[in-house]
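Take a look at the following structure, please.
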Amino acid sequence: MSSFDIVTSSFRIHRRRGHAVAEAVRAGAFAGAAAIAFALVGAYLIMDRRFVVEDIITLAQTVVLLFVLGGGHAAARSAARDGATAATAIGFGALAGLVAGLLFAAAILLVAHVGLRSHLVAASPMLVRAVTFLGAPGSAVAAAVLVTAGTAAGSVGAAAAMLRADRRTAVLIGLAALLGAGLFRDVFAGLLHNLPGLAALEPMVFGVGGVTPVAAAVIAVGAAGLSLVLHHRRRPPIAASTRRRIEGVLLVVLLVLVPLVTDAFVAQVAMLVGLYVLMAMGLNIELGLAGLVDLGFVAFFAVGAYTMALACSSDPRAAVHLSFWLALPLATTIAAVAGLLFGLPVLRVRGDYLAMATLGLGEIVRVLVVSDAMKPYLGGSQGIIEIARPSLGGWTLDTPLQFYFLALILAALVGLVSWRLQHSRIGRAWLAIREDEDVAQALGIDLVAAKLLAYTVGAAFAGMAGAVFAALIGSVYPHSFQLAISINVLAILVIGGLGSLPGVVVGSLVLIGLPELLREFGEFRYLFYGIALVVTMHLKTEGLWPAVARQEATDA
Amino acid sequence: MAPRHERLEALAEWRRQSTWVDGVLLAIRLGVAATILVGFGGSLVAGTYSIGNIASFVVFGLTIGCIYALVALGYTMVYGILRMINFAHGDVMMVGSFGGLFAADALSGAGVLEAAPLLSLPLVVAAGMVVGAGVALGVERIAYRPFLHVRSLAPLICAIGMSFVLQYAARGLFGSRNRAYPGFGWMERTFEVGGLTIPMLQVVAFVAAGVMLAGLLAVVRLTRLGRAMRAVAEDRDAAALVGIDVGRVIVATFAIGGAMAGVAGVLYALVFKQITVFLGFSLGIKGFAAAILGGIGNLPGALVGGLVLGLAEALGPALLLEGFALPAPYQFKDVIGYAMLVMVLIFRPQGLLGERLADKRA
Amino acid sequence: MSKVLEVSDLTVAYGAIRAVRNVSFRVEPGELVTIVGANGAGKTTVLNALCGLRDIRGGRIRLGTTDITHLPPQDRVALGLSQVPEGRRLFPRMTVAENLEIGAYTRREAAAVAADLEWVLELFPRLRERGRQLAGTLSGGEQQMVAMGRAVMARPDVLVLDEPTMGLAPQIVDLVLDALRAINANGVTVLLVEQNAYRALEIADRAFVLESGEIVMTGTGAELLDHPDIRNAYLGYDA
Amino acid sequence: MPDPSDLLLDVRALGKRFGGLVAVREVDLAVRRGSVHAIIGPNGAGKTTAFNCITSFVKPTSGRILLDGERIDGLAPHRIAAHGVARTYQNVRLFANMTAIENVLVGEHLRLRTSFLDIVLRNGRFHREETAARARARDLLDFVGIGPRAGLLARAMPYGDQRRLEIARALATRPRLLMLDEPAAGMNPAEGMALVRLIERIRDDLGVTVLLIEHHMRVVMAISERITVFDRGAVLAEGAPNDIQNDDRVIAAYLGTRSTQEAHAVKLRAEARTA
Amino acid sequence: APLRAETLGPVTDELGVVKILKGQPILIGGYASQSGGDTNQGIAELHGAELALKDFGGKVRGFPVKFNTEDAQCTAEGGQTAATKLAANRQLVAVVGPSCSSGARVGAPILWNLGIPSIGIGATAPGLTATDRPAGFKGFLRVVPNDLKSAEFQVDWVRSKLGLGSVATIHDGSPYTEQLVRAFEKDFVAKGGKVVASEAIGPSDNDLRPVLTRIAGRKPDLIFTPVFVSSTGFLLRQKGEVAGLKDTPVLGGEGVFSANIIEAAGPAVIGFRIVGPSTEQFSQRFPSFVKAFETEFGEAPTGGFSAWGYDAMLVALKGGEAVAKADADGNLYIGRKALRDALFATRDLPGLTGKLTCSAEGDCGASIYAIWEFADASPTSFAPGTNPKKVFP
């Protein structure tokens, strides 16, 4: 057993619950602490620059509000579980909100009047100013306003908890829709702009930084209403398999249509998602099927990219001058060979040892590529530039959208191959190795051959992604091939659901797509990314789209 | 030498039992040996470095090796019990290092640091340990405990997530500038042993690593908690069945591992004198490498792994690459480290002191 | 010193499948009770639920005067409920001696623990010479002996065993069952699941028959031993 | 001494040491083609270790192992499987997270021939082979009596079924020699007798030679043609069931004089004879 | 959509016109490395730009200016994505950034193909403003000087002023430092000097003593290394521990022109020299800029590039001010081509680093250099003029 295998025990560790008052204070304290952390880490200020609803509420305010709403909600739920009436429960929510508000206000007063800045750089007058609504920044009035607002928000959260389940969902969906619209303003604005006939709507719905107030009301109410209507329409029950199929079709439609009708940026992001899908499918063969951890996966991506560069660039280092269409299979093949070579020495290494060995190999490749010693062949830190774009009969691919469709086609192809391999004797052998190497071998499976095949196929997929990547960017630099990419691909697999092909797509959408959309929060992007990883795993431990719905939902 | 026919027979026997993979592995081994020989020989011929230089390299390597070892100890502790790499460990170390810094700043502000440097050091280290342990507990609470009963890689991904969170939260909270670590007068001294200048700090690092290892070994081998830890490591359900509170044992392990990271963080800062919020990532990887090299789950292995890795990095470019006349050989420092790691794993897939991963019991 | 074990309406499910349904029984202090049942009847599931290794869907479990339904496993051990689990579940990389010693994890009185250790070694002399061998390298039968010894080391009021004779040589089976009787004679309540139904019924005061997760029959050991259905289904006389 | 060409498995002077402990010493074992041969002996006598040596799970310290006259010792485990040796394990070792039928299909791996290209192209060859393999897997599950549980995850199955599944998986490799390590453990006497019938069918219907380790004397006596008794790593006795049963040394070392189990076994054999 | 001539309100422009409704803000974009290995640099640059906007009053022609920033990391794909994202907003008039040449190489054409000029901060690669650069770079300017120029200056100082004959160089594998080192070496050799060691390290290396030992064996007269703050700190501190290097001077790059290097290097910073802007403006204004920066963002700039961010923003604002035209209703119009031309026509604009004058290729850097030397090891003593003090010219 190791990190990359299972870890399990049959019993859970339960938290002992306290009295409702204690639980409310606890919930409030959590909300308050979250808000304080959010402020002191500096995220408040950067998110305060973005409006959700134009000129009315900023993203930062929304986040803090959500913390407190959540605290009130949790307090009320826990009170209701102990049998409190709705009114009392709301009282507990208010208590939680009060605690949160007090904590937050206290922290702000501390920031305003005690110099914390030598250690906490974000504890700035600007922060105090930003959270002040009434009164002088840092004054008692300002603090009182915060406390009042906290109490109110806690009560509202609690009140929401007292709603009937369907209404609660409706409220939640309404808010989520609004938040989504505000957060991804640029995407939706682009969408409106491009959809025929809707272009005129754009300035009505979106201001410069967020949703206009009127549109906000329409969106929130509309989404909530829709949710209620859908909930109450009698639907014929859908079999799980049909449902999955429908979801699958929807996913494909989404993948094809959305980039078409939005702007270049969405296409660009979609393109990156596509490349990660290719890579993740490769790693899925290694890790998801054969259980071989590979933290040096980025090396194959690099091999593909550099092969493309050396085959299609006008750089003097370029060995040959091929067209993209010839270079692509060449890059794939060379990456596959690299996979084979990688696999050979580490065949007998297992589990975490394998993780480290591959990580080491990946780093070796990266350093080689950046090194002065290899500069005459690989360009060193200046990389290789001016890689020709693919062209087909005089028509050159150059927009992100075109590349996206290229990636999509390749991903579909690779997905098909993956699926076929998975459901064949080879795939079964891989699974068996993952489960118990010794037994698999005793059943006649040649471990060496099977593992090498997994490495080779996985590497080929990654190399293909790398080749497309190089052609898209038009240049390759060693700094694009960091360890972080390997880790990212691993996270995609697990978040999506290990061993699941649709999971790979969903995982890439979430882990590549969303952070791209959050690019504007620059320095906090990885903070949010980290939080997203944690939260996703807590909500969907098996991944967002697990391989097969195994029957043992509650079981060890 | 055995008679000819016996040798032939042995060869035939080898051929009967081996496959092409054995051949390839043999070739790799020979290739490695040849490379090392050529590089080493070439380096000797090149004669860039004096014996004194090499001796200094050994001292450098041992110092950084001690730090790797301390990080590796934390990994190995947690791994031993959960069979899980704590990916956030490097960042726990970073936060611990900041804890020590703030304590030192406070002490310095109160004038204690200058007045009683000998007394202040334990206080600073303790601060690092407490902060490290605290953060490690947070990591356990968020990334491990909720997943004790499920079968998935979720803890691993959560730990990676926590690593990002710690790094970038620290950046947001403390800023991204490099921070100077205060020196403790007596530690800045050096002394001579056989013509070799040895800084006091190096000795401190060495002693610290040794003491920590001894302490951990004592805990694991001799105490009730230690025995419970080993039991939980082997079979969590069975441990619960003999009355061990599994949750508590895991918490204790994380706390110890975190404290270890705190020590490593402070020690790192004392040796290298400046810290940033990003130091955790690369040191974390090195610590992981050291733990694997020594055989993960094995405490003495962590020390050995750390020292060997440190030595390889310090000596490798000088002793191996010089012979190949490569430009900028120190760019390959990490390559040497990782290559050595991979080589060791080829020869000993279980690490230097590790036990065979799977004794094939049927 | 011995405690009553009372189970009422116990239901345990794996996902949608309810493997144990509304099982109720009571084991009186000092009794030796056995559960008999075919493959997959739910015996192991019942025992795991008793020891807290399995979340239960419904029902109550009482040990003496304490309701232990929602206690974590280690607290149940401290209250005097010990299990010899199916498949032994030793700590393979700890020595035999360590495995035995850790069985007494919840106990602090060193002298009494030492005395119990001596007793275990008398029961299984073979283990004496193996004290320093890693438990994982023992043969299957030797492991089973350690597993029993480990559970006894906790000096339980109620001892629960899941197929303790599995994989034991016939001679040792005798020995183990004798030992079990001796333990029981010392005042320890015993709940035994055993595939060697003949021997189990022979030594049991009372027995239940579990079929598809439900108790379908109860009686004294001797009664059931002579029951034709039992003879056919579990003793194989019809073969 | 039987005719050598009659021997399927011929183990000569097998030895295995673990550090200072000699687990198997100078063991000779001859298993006749088409027979059911049992190994019994006290716990820790080295029975499982001998199995492990034969299947290359551990490397023997000394000795030779011949299958059908061909040396197989020292070969990698998958090559031994390819020679036609399959086994089950004392502590069931299934692919816990795969379904029963998938477990069996893995067993068939050795006999499947579709190439990488066939699989990627999903051509007729692939479909033919895959269909046949699945059909065979179902047959095998039916054969061992767990056909209805084909879709269940292995780890969700009760212990006894897991043992049967393990046998089915081993059979899927189409072995010449099937080695079973305590197949009746965890089964009650009635189930044990069902197992006896299964093993007989394996020998008679499938023509597979069976070598088994077992402590359930009823099973051993009811089924085996020859029995080898191990004690402390060495062969204590070898012979037909009747001789073994009455061998004083065996009784002293293994069966135990008071063994009621043995008495039942005798009774059962008597019943089986008369039937 | 391809760019075409357009007339909106009072403005006609061959590449299109941005119309800003009354009360709406003018959008300026920014992209720099805010995550990954070069985080500090990018953040400092963007913060510098924000300060410029603040100093400018936050408005152009009475219209508030909004600064939208994106993370470009320090990679080509980061630059590409950030630029694409910025370009998706059609209201954007100009962009400040990026920090790295790799990002500029991909990002600048994306922006310019949509008529958006960009002003590079840390992108120093000579090719970006070469006369034969591709058309996509015709809208790219930079306030940071081209590597070739700074190298020329430094070599001149080392060779002609100090008269040193041999150097050792160290870079950290980043395109920026490697390029500077190569330019320096080339010039140095051309001027008759000798490069006795050309070493490289990794950006996260902390024990540089072995590589310094190797250099010591070559006995250079000077070590030239433009690596960043952490590495420079390690290098300066550890240099003393390596026999034979104690007195070898070190010349660093602009990337460490900050208070932080004092903290990083401790006492070893004394005598350390770096290259930096030489102008009057710089000497006068930089200290107060650092103060303002610290009040605003909690810590002083950690690297040396914040001043370029400031100047880039300044150029953009000035350009906007020059070409924006209001109509009778109070809406504002900015012609894209006009703005680009106005930016390229920047002359003697008093920036933070000096008077900015843009060449026809887009190099706007003041390129008047000085060598600065640190004289005090107290972190609070950072004040260009006294610590570090100008030693040449």
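Each chain gets a letter, A, B, C, D and E, in the order it is written, and its residues are counted from 1.
The rule we apply is simple: a residue touches a chain if its C-beta (ideal position, glycine included) is under 8 Å from a C-beta of that chain, and two chains touch if they have at least 3 such contacts.
The structure displayed is predicted, hence computed values, not measured ones.
Chemist: Of all chains present, which has the mean Cα position farthest from that of subunit D?
Modeler: Result for max centroid distance from subunit D is chain E.
Chemist: With contacts counted as C-beta pairs, which pair of chains has the highest total?
Modeler: Summing C-beta contacts for every pairing gives the maximum at A-B.
Chemist: In angstrom, rounded to a whole number, how far apart do the mean CA points of subunit A and subunit B lie?
Modeler: So the centroids are 30 Å from each other.
Chemist: Report the inter-centroid distance (CA atoms only) between subunit B and subunit D in whole Å.
Modeler: 46
Chemist: When the centre of a chain is set as the mean of its C-alpha atoms, what distance in Å lies between subunit C and subunit D?
Modeler: Measuring from centre to centre gives 29 Å for this pair.
Chemist: If I count partner chains per residue in subunit B, which residues reach a count of at least 2?
Modeler: 19, 151, 168, 171, 175, 237, 240, 246-247, 327-328, 331, 334, 360-362, in rising order.
Chemist: I need the residues of subunit E touching at least two other chains; which ones are they?
Modeler: In subunit E, the residues touching two or more other chains are 35, 37, 39, 43, 173, 198, 200, 202, 298-299.
Chemist: What are the residue numbers in subunit D that touch two or more other chains?
Modeler: 48, 55, 57, 76, 87, 89-91, 93, 97, 156
Chemist: Subunit C touches which residues of subunit D in the complex?
Modeler: Result: residues 18, 21, 40-45, 47-48, 90-91, 156-161, 182, 185-193, 196, 215, 217-218, 254-256, 258-262, 264, 268, 271-272 of subunit D touch subunit C.
Chemist: Going by the contact rule at the top, pick out the subunit C residues touching subunit B in the complex.
Modeler: 51-53, 72-74, 77-78, 82-83, 85, 89-94, 98, 101-103, 105-106, 136-137, 150, 154
Chemist: Mind pulling up the subunit C residues that touch subunit D in the complex?
Modeler: It comes out as residues 14, 36, 38-41, 44, 86-87, 126, 133, 137-142, 144-145, 163, 166-174, 195-199, 202, 232-236, 238-239.
Chemist: Write out the stretch or stretches of subunit A touching subunit D in their complex.
Modeler: Residues in contact with subunit D: 417, 420-421, 424-426, 428-429, 431-432, 435-436, 438-447, 453, 550-552, 555.
Chemist: Write out the stretch or stretches of subunit B touching subunit E in their complex.
Modeler: 48-49, 52-53, 56-57, 60, 63-64, 168, 171, 175-180, 199, 268, 272-274, 276, 278-279, 281-282, 313-314, 317-318, 327-331, 333-334
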